[in-house]
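Here the chain labels run A, B, C and D in written order, and each chain numbers its own residues starting at 1.
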Amino acid sequence: MTQGIYEIRSNVKIARDVYEMVLSGDTSAITAPGQFLNIKIEGLYLRRPISICDWDAETITILYKVVGEGTEKMADMTAGGKLDILVGLGNGFDMNFAGERPLLVGGGVGTPPMYGLCKRLVAMGKKPIVILGYASAEDVLYEAKFLEMGVDVRIATVDGTRGVKGFVTHAMDGLDYTYFYACGPIPMLKALSDASNTSGELSFEERMGCGFGACMGCTCKTKYGNKRICRDGPVLKKEEVIW
Amino acid sequence: MTQGIYEIRSNVKIARDVYEMVLSGDTSAITAPGQFLNIKIEGLYLRRPISICDWDAETITILYKVVGEGTEKMADMTAGGKLDILVGLGNGFDMNFAGERPLLVGGGVGTPPMYGLCKRLVAMGKKPIVILGYASAEDVLYEAKFLEMGVDVRIATVDGTRGVKGFVTHAMDGLDYTYFYACGPIPMLKALSDASNTSGELSFEERMGCGFGACMGCTCKTKYGNKRICRDGPVLKKEEVIW
Amino acid sequence: MVNTKVNLCGIEIDNPVIPASGTFGFGYEFAELYDINCLGTFSFKGTTKDPRFGNPTPRIAECPEGMLNAVGLQNPGVEAVISEEIPKLQKVFHKPVMANVSGFSKEEYVYTCEKIDAVDSVGWIEVNISCPNVHGGGMSFGTSAEAAGEITKAVRAVTKKPLIIKLSPNVTDIVSIAKACEAEGADAVSLINTLMGMRIDLRRKKPIIANKTGGYSGPAIKPVAIRMVYQVYDAVKIPIVGMGGIATAEDVLEMMLAGATAVEVGAANLVNPFASRDIIHDLPRVMEKYGVKNLTDIIGAAH
Amino acid sequence: MVNTKVNLCGIEIDNPVIPASGTFGFGYEFAELYDINCLGTFSFKGTTKDPRFGNPTPRIAECPEGMLNAVGLQNPGVEAVISEEIPKLQKVFHKPVMANVSGFSKEEYVYTCEKIDAVDSVGWIEVNISCPNVHGGGMSFGTSAEAAGEITKAVRAVTKKPLIIKLSPNVTDIVSIAKACEAEGADAVSLINTLMGMRIDLRRKKPIIANKTGGYSGPAIKPVAIRMVYQVYDAVKIPIVGMGGIATAEDVLEMMLAGATAVEVGAANLVNPFASRDIIHDLPRVMEKYGVKNLTDIIGAAH
């Protein structure tokens, strides 16, 4: 983890209530896809944790949905603005277990970490299958960017306005995959975990105090003992999760 | 009183710890020199009352000394910034009593309201005598601007580095004047009031809650009953002050 | 169309927004700024038997998201309030007003309430047993259930008007105090008064406020207020007027979800003189955003 | 050159800055970020007889200039603290540490303090009788002078280490509680623990925190903390460890002027992991700004 001041390069709306923000600054603390940032927002006391979508040597990309005071303020920010951010928080996904055909499942704003993960798995020569689930067509995120990587992308929408009608699990039928990675709402994670026939990793959310393991605000019970979502997670193994 | 958003035209240091800020916006609520503004500063709860130095149809000039959190934040502000301000607060000086040769006395950051008052008295054809008192030469405010008006200006400094060594009352000896107006620290106001041989008006300071007479935070006792410095003042008549 | 009306002790008010005592004078300063008849009602400046200057200055200090005040019940006394202030108030406000009463003995409370009871334009009497800024004064009545009950019983005997007892948060158990007020005939309780606080001036190395301590108000005390309203709602059947840091229409909803039938807006009026009006104007939008058709429906809905 | 040293119950510490229990774990997470030996000391995570998971999540909520937490004393139990956590702590921190102890009965407090008393690296035992987040737990001991005195007496009997009793602000009269602790042999009192608060989620129309109420910390509670430290200083002769919203070196001075011998830094560590270090680095500059040569000289100087 590092603390630093990051400059906003761009901040644009890319789907219903969802914005893409590109930040520039030190990215050396990021060690794995699935990690997150904790952003100090003027006028709010607690930092706001946001998953990392992608990063390179000098920029970090995040996608966030406007759901409350913090993200409302973020949506109003403009290029050139500066933010105090803790970078490289959490464990992230372990790509060593991916196998040849890992399944990546993102639900709603669970999509962003799947993008950074997919990019790196492709770079490793893997052949990921990507399933993305949303409420409706206007919520779909980064479809073109996934397709650019040449991976198999399937979309599910609850109202059927894009892709398969239903949940991500409805787009899984008959798929052959070696491992899975998932991020999204808890009901999706549970359904996926139940439906899967391989091992896998799931990224969880919780209200956090600090984001770096000090306050015990986000602890959950697992089969291997208490874990802090912010530090021992946000990624847990399928086998340790207590639903 | 009006509430409005004002734009900062300039904000420059003009003496030790003292800044001049020019604001543009609606000035129609200002009815007399000696009134004040109440400025909302991001990150602070209470507004900060600052006396009006001068104004015209579209700008207001204030001089303020950096003495705490609020004025520290103001000193960092730059042209183009916007401020939420209550304008035209307090009673201000009554120029009807000035006579031909009114004495204007400003101590430290009590100087600014004397400038706007002097300008208007000169425009009325009066011949004001101005005495300004400071700790030291580097604290002197607006001397050239007073001289530009062609008025008699006398400076007193406690350390004798400019003008008369001592307090403003030491610069008063033998002066012939018709009335007085004063703004500055309480000991100065009292000494002046005691030394004066005419009637006069004195502008007081107090920690304020609202600045417009609602909270009773700044009440003082006078010979004519309780007065709210923010609304019934900040200017009191010599005859009503209880020292 | 949303419905912002609520019923406070038998009187229907257009909306639950009530400027709090001590932040709105007798209304006429604000009437110069906007038509104050948009308010549900307002609670006028705390009135005592005798005229009071209050505490020496400084009476005010800046705090994080709030302020301290130690005005100390400055008011012209109940006779002058009735003969001078209320007539001026009635020229600009045409709804029932809430009278706020304080005292230094049971007899004083009774005296003042009896006088106020005779004023037609007063819709409710809010009895402040919780002012933290008067030494040996109202605060001591607000910090024990017995004393609170005793004052309630005494003033209940002299007025048929809806009686609201204003409670102090500076206590171990606000629930027992609220219950004592209910048991002795209060029609409602209002809470919270200010939290007792202090700031020290690093330059002078002395408390900023002449009275040393002051009452802390502003958004900083809202979480304490929400908690206490929530707890009291569980324990009493009478309505609660919730206050403490209310500054937005969202705050009104939060306080009502906790259990308030109406809310008072205090310090916000001092930093934004249009605050109460702005909250009222914004209420319908915020109600729609959170799917609230009738404000009455959400009273205590978070339980 | 300024002198930041203070003496806390017979142990001289390099500066009065002490990260508060529950915001600094057992130190080693922060030791990855900076050398924590710059601290006066720190108070480690509240330890109980048995391991505790604490409360269900969500345990955290945003507040104006602060936060609510309802962690509920999650800790691995005193045996594991002594056998696992303290050895890890000692690798990164080489000064006497402050042990923080909680319990649900007098016997539990005594059991845990007795175990901790045997640990050489522990310089002080801070006994928390004021956690607002455990039902039927420590809080009830902290809200009456009798119970507070009883716990103090019992733990006093099992340790010769400096004993600090941590007090709750959610009381009518903190002074009487502090005096009871002093009378029963406490070497110091620390205050304030968090204010009990609540936030309600307007979307779900339920309290944000699963436990409903949580402890409010952050700059918003500082004026209440300053006031209580000031009041307690007037009434006891033992030192006071002041806390509540400390986030800057200026805050340290304000708290010490009110009467604190040392200060704890809590929530600030969570929003800025370097907060305690930054405060220590900034102290000499701020002391010079306000003409303070020896920090010891300003303890209680605002009285």
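Just so we're on the same page, a residue touches a chain if its C-beta (ideal position, glycine included) is under 8 Å from a C-beta of that chain, and two chains touch if they have at least 3 such contacts.
Since the structure is predicted, the reported quantities are computational estimates derived from the model, not experimental observations.
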Moving step by step through touching chains, the smallest count that connects chain B to chain D is 2
Greatest centre-to-centre gap (Cα means) from chain D is with chain B
Whole-Å distance, C-alpha centre of chain A to that of chain D, is 36
Between chain A and chain C, the Cα-mean centres are separated in Å by 47
Chain-centre distance (mean CA atoms) for chain C and chain D, in whole Å, is 34
Expressed in whole Å, how far the mean CA point of chain A lies from that of chain B is 58
Residue numbers in chain B touching two or more further chains are none
Residue ranges of chain D touching at least 2 other chains are 63-66, 218
Given the complex, residues on chain A that touch chain D span 1, 3, 40, 44-47, 69-70, 86, 206-210, 212-221, 226, 231
Per the touch rule, the chain D residues reaching chain A in their complex are 22-25, 29-30, 32-33, 45, 53-54, 57-67, 69, 71, 74, 208, 218, 267, 269-274
Listed in rising order, chain D residues that touch chain C in their complex are 63-66, 68, 143-144, 170-172, 195-200, 202-203, 205-207, 212-213, 216, 218-224, 226-227, 230, 245, 250, 253-254, 257-258, 290, 298, 301-302
